[in-house]
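For reference, chains read A, B, C, D, E, F, G, H, I and J in written order, and residue numbers begin at 1 within each chain.
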Amino acid sequence: MPHADLLECFDNPTPGRPYVIEHVSEEFTSVCPKTGHPDFGAVTLRYGPDKLCVELKSLKLYYQSFRNEGIFYEAVTNKIADDLAKAMRPRWMVVRTDWKGRGGIRSTIEVTLGDVPGR
Amino acid sequence: MPHADLLECFDNPTPGRPYVIEHVSEEFTSVCPKTGHPDFGAVTLRYGPDKLCVELKSLKLYYQSFRNEGIFYEAVTNKIADDLAKAMRPRWMVVRTDWKGRGGIRSTIEVTLGDVPGR
Amino acid sequence: MPHADLLECFDNPTPGRPYVIEHVSEEFTSVCPKTGHPDFGAVTLRYGPDKLCVELKSLKLYYQSFRNEGIFYEAVTNKIADDLAKAMRPRWMVVRTDWKGRGGIRSTIEVTLGDVPGR
Amino acid sequence: MPHADLLECFDNPTPGRPYVIEHVSEEFTSVCPKTGHPDFGAVTLRYGPDKLCVELKSLKLYYQSFRNEGIFYEAVTNKIADDLAKAMRPRWMVVRTDWKGRGGIRSTIEVTLGDVPGR
Amino acid sequence: MPHADLLECFDNPTPGRPYVIEHVSEEFTSVCPKTGHPDFGAVTLRYGPDKLCVELKSLKLYYQSFRNEGIFYEAVTNKIADDLAKAMRPRWMVVRTDWKGRGGIRSTIEVTLGDVPGR
Amino acid sequence: MPHADLLECFDNPTPGRPYVIEHVSEEFTSVCPKTGHPDFGAVTLRYGPDKLCVELKSLKLYYQSFRNEGIFYEAVTNKIADDLAKAMRPRWMVVRTDWKGRGGIRSTIEVTLGDVPGR
Amino acid sequence: MPHADLLECFDNPTPGRPYVIEHVSEEFTSVCPKTGHPDFGAVTLRYGPDKLCVELKSLKLYYQSFRNEGIFYEAVTNKIADDLAKAMRPRWMVVRTDWKGRGGIRSTIEVTLGDVPGR
Amino acid sequence: MPHADLLECFDNPTPGRPYVIEHVSEEFTSVCPKTGHPDFGAVTLRYGPDKLCVELKSLKLYYQSFRNEGIFYEAVTNKIADDLAKAMRPRWMVVRTDWKGRGGIRSTIEVTLGDVPGR
Amino acid sequence: MPHADLLECFDNPTPGRPYVIEHVSEEFTSVCPKTGHPDFGAVTLRYGPDKLCVELKSLKLYYQSFRNEGIFYEAVTNKIADDLAKAMRPRWMVVRTDWKGRGGIRSTIEVTLGDVPGR
Amino acid sequence: MPHADLLECFDNPTPGRPYVIEHVSEEFTSVCPKTGHPDFGAVTLRYGPDKLCVELKSLKLYYQSFRNEGIFYEAVTNKIADDLAKAMRPRWMVVRTDWKGRGGIRSTIEVTLGDVPGR
């Protein structure tokens, strides 16, 4: 079951300098709680680290923990944003999910926390 | 016949947080009221939800209800925007239709309601 | 209702010379007889004319006549091939339909009549 | 001969609401007044309608009237902008022409009238 | 658990005529039996039907049944080919799986049964 | 008016050696004899020269001579093939025209003379 | 030898109206003064004309005059900007050169004069 | 140092059936023995397994062992083919290397062993 | 071992004029300090030169010195930025690294120094 | 001046085994003998080596020697084929030149010597 505890962090090597980290996973899958059919999508995490950075392997395992979870698009995206915010306390963060089509409609959900530079 | 009543909504799971939802349907068709020939296009809905989100299956059925409707590009786009605004009352919304070429000219219509972030 | 009689032909200007004609329509739609939902696809007609060529406007109207017809992928493709073969009596013909995804699966059906050059 | 009178307009169905209309024609041709050789390009019209919208078929015929006209890139673009501004009186307008290469150089001309949103 | 019994077939509407059916699913996932990590890929089925065609919804459910199955690339591909051959008895068949990269290497497995036309 | 006399040739520098020459013009336009509207397309000439090669500038002028000619797709393609065959007497030749869409259908016509290598 | 005198100008047909002209040449070559090897790149000129516009054929000949000139990337770009500024006196101007890779590194140099709109 | 002993194999699950396996690695690097500079490329292995299949992780480690090896394009490709042929004894095999450009020239080397189907 | 001393600079030919230089290297490789496996990526350097510009060949050799260095994504990017800032003292600088996927996740790190124009 | 003597060869490391070598140079330029304007193109050399392989740096210098040579497309291609055949005596060889457009027409010339596998 997905939980923020699955996420491990390491110390930001240059905590005083603002910079940008982006991780894109194109192999995300969860289950539609209404139909029981699998959903497939991509998750893009973009953030400005403060004291901590998320460790890549733990991020992969955290994403994999959604595999058999029945959860809506909007809830997935908000939960990932909340869990990562809790684990890393970044300066700012964007979490975007891009879902393959269902019934001829493809969807994108984007959650933003803090002041994203360049917007 | 297309009608806002076809649209069903569900409660926004995180109503206090501003975020973005986008649904793209590339399988839209209506009928040109002048020539009687079918028009084909894509509809992109992008919005910031307030209390309600539009339910995907009802959105699909709503779009399908235009199938045999004689209606101009501009009117389709404005009607979709009005019906969705009435059903969801979003913080802001963009409805864009991209139409395949007629007589060697392809067209795009874009209606914006409220303050779209990043513009 | 789709019918071979909708197809009009004109005399092949160079009936003694083997050559190739291809017409691609990316704006085809019919209805799934099982679910009642619309199907969207592209129809590619490729043929070697003998005495007759199919007239383009009549081909467009013939394709449009499938708009509200409940018919499976395989049946659409075979019917188009049969109707065109009856109307034009070509040397050879290929009819291919490419359908947008349903349930995450996109499909292609291809019917071939006569000896297609280069195969 | 190209003339603003060829352009027909219809009443904007939602004159009080600011929105965007774009028409792209990739089949534009005129003649180079210096060499007599044909020029090929695309014309993109993007505007915010006020009381009137340009009718698509008249726009196509207006563009076709340049077919045998000897006229430079800059003059074509400015004339189209002037004629459309005279016919429609839009809130704002962008006319861009993209020309295929001549002597290894391809060119773009863009004329802007009024306050274009998002710039 | 994946099993040929999940596959349902319907009667080929034109059993006497050789033609081609292709179904592409880009949403396939199973589990690596060695590492326990999920594998993601696409499955392409191409066949010449004889008396039976595979029904699309049952094909989707059959593919979904691999979701939590620990199975190697080669075994997945051969099992799909065997199960479909048993269910449909096609004239010929190609099953190809295209897997996303693991350790910087992406893989394709292709199994062919019978005489594939054009090879 | 288009005429084979517009085509100029030069001596093939290596007449004893079989090789391949291809010229692609993406700036072809003629007029539909039925509607009077312009048609736009590309012409691909591919041939094996014997004693003569067609000179590029004369080929351009020959293509330009179709600009205001009312002529069908099939007739354009066959006329170009006949005129070039008469002017150059090549070992083999392929003339293909690819036309932009009309009424949602785009077309290709291909005429082949002699034994094309690799088919 | 490259010289601003090679550049010819013509009167801007609409000197009072701000608009944009862009010319892209993908066939630029000069010589590396260090290694003697040829450099290949593209030159993009984008400007807002004031009283004068650069004539296209003279621009082509001016670019060709760098063909056997030993000159660094940075110097080429600055020289083109200086020569064009001297010849045309534009309201604003951007000159960008995009160079094919050398030693696995590809480079871009961009010089801006005046206030470029939209930045 | 690269050596065939690094390659591990597993038993082909369906040894009696001819099928195709392809592994593409886009992260290959070795060193040019002449200049000492690194070379970067992709290695495509395509084969028909007999009794054995190469194990993916060992293949990755085998490719990595070329990292600091001074060796020419042609020799790399032939050595990989020889080592894999010795380890797996496939029915047929193709090894292709695609190298990023050096001095403006990019290269491909392809070695084929046995009868490759479809050629 | 990577060191700022490997970087050589030359005098900016137009030190008083603000302009932009970008160098993209798609052939960067280092080693993951955790797993010992090689990492592959691209490095994009974009800067506004002040008195000095970095010499291209020395930049290539500097990048190559990371080849067998065990170092994390974040540290590589910050070190390159620090070393280049020390060597060139640019007006502003952006260093971005784009890494190929590991475990299905691909990453980008971007460090910015000074006021980047257009942000 | 271009001459076969510029080409250096090295011994084929596996002379008994048939394999394929391809070198693509996208930075070729010569001069049109009629107009004096530069021509730009790409040269693809594909061959099956016998006793000798062409050395890459000498191939680059040989191609560069055409830089200021007035020579037609057909003659360039045949001369390159003749010079390389004389220098390497390959089992078979294909030389193809792809030229950027002149007057809206882009051209390809392909010369083949010996029996090219797979044709």
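We take it that contacts are C-beta pairs under 8 Å (C-beta built on N, C-alpha and C of every residue); 3 or more make two chains touch, one makes a residue touch a chain.
All figures in this text were calculated on a predicted structure; none of them were measured in a lab.
The contact pattern of C-E recurs in D-G, the pair among G-J, D-G or A-C where over half of the contact pairs coincide by residue number. Chain pair with the larger contact count among G-J and A-B is A-B, by C-beta pairs in contact. We define each chain's centre as the mean of its Cα atoms; on that basis chain D and chain H are separated by 56 Å. Spacing of chain B relative to chain F, judged by their CA centroids, is 46 angstrom. In this assembly, the C-alpha centroid of chain E lies 27 Å from the C-alpha centroid of chain H. Once the centre of each chain is set as its mean CA position, chain B and chain C turn out to be 32 Å apart. Touching two or more other chains at once are residues 26-27, 37, 40, 100, 103-104 of chain E.
By the document's touch criterion, interfaces exist between A-B, A-C, A-E, A-I, B-C, B-D, B-F, C-E, C-F, D-F, D-G, D-J, E-H, E-I, F-J, G-H, G-I, G-J, H-I, H-J. Only residues 37, 40, 100-101, 103-104 of chain E touch chain I when the two sit together in their complex. Residues of chain G touching chain D in their complex: 12-14, 17-27, 53, 56-57, 59-60, 117-118.
Interface residues of chain J, counted against chain G in their complex, comprise 26-27, 29, 37-38, 40, 64, 67-68, 100. Interface residues of chain F facing chain C in the complex, by the touch rule stated above, are 72, 74-75, 77-78, 102-112, 119.
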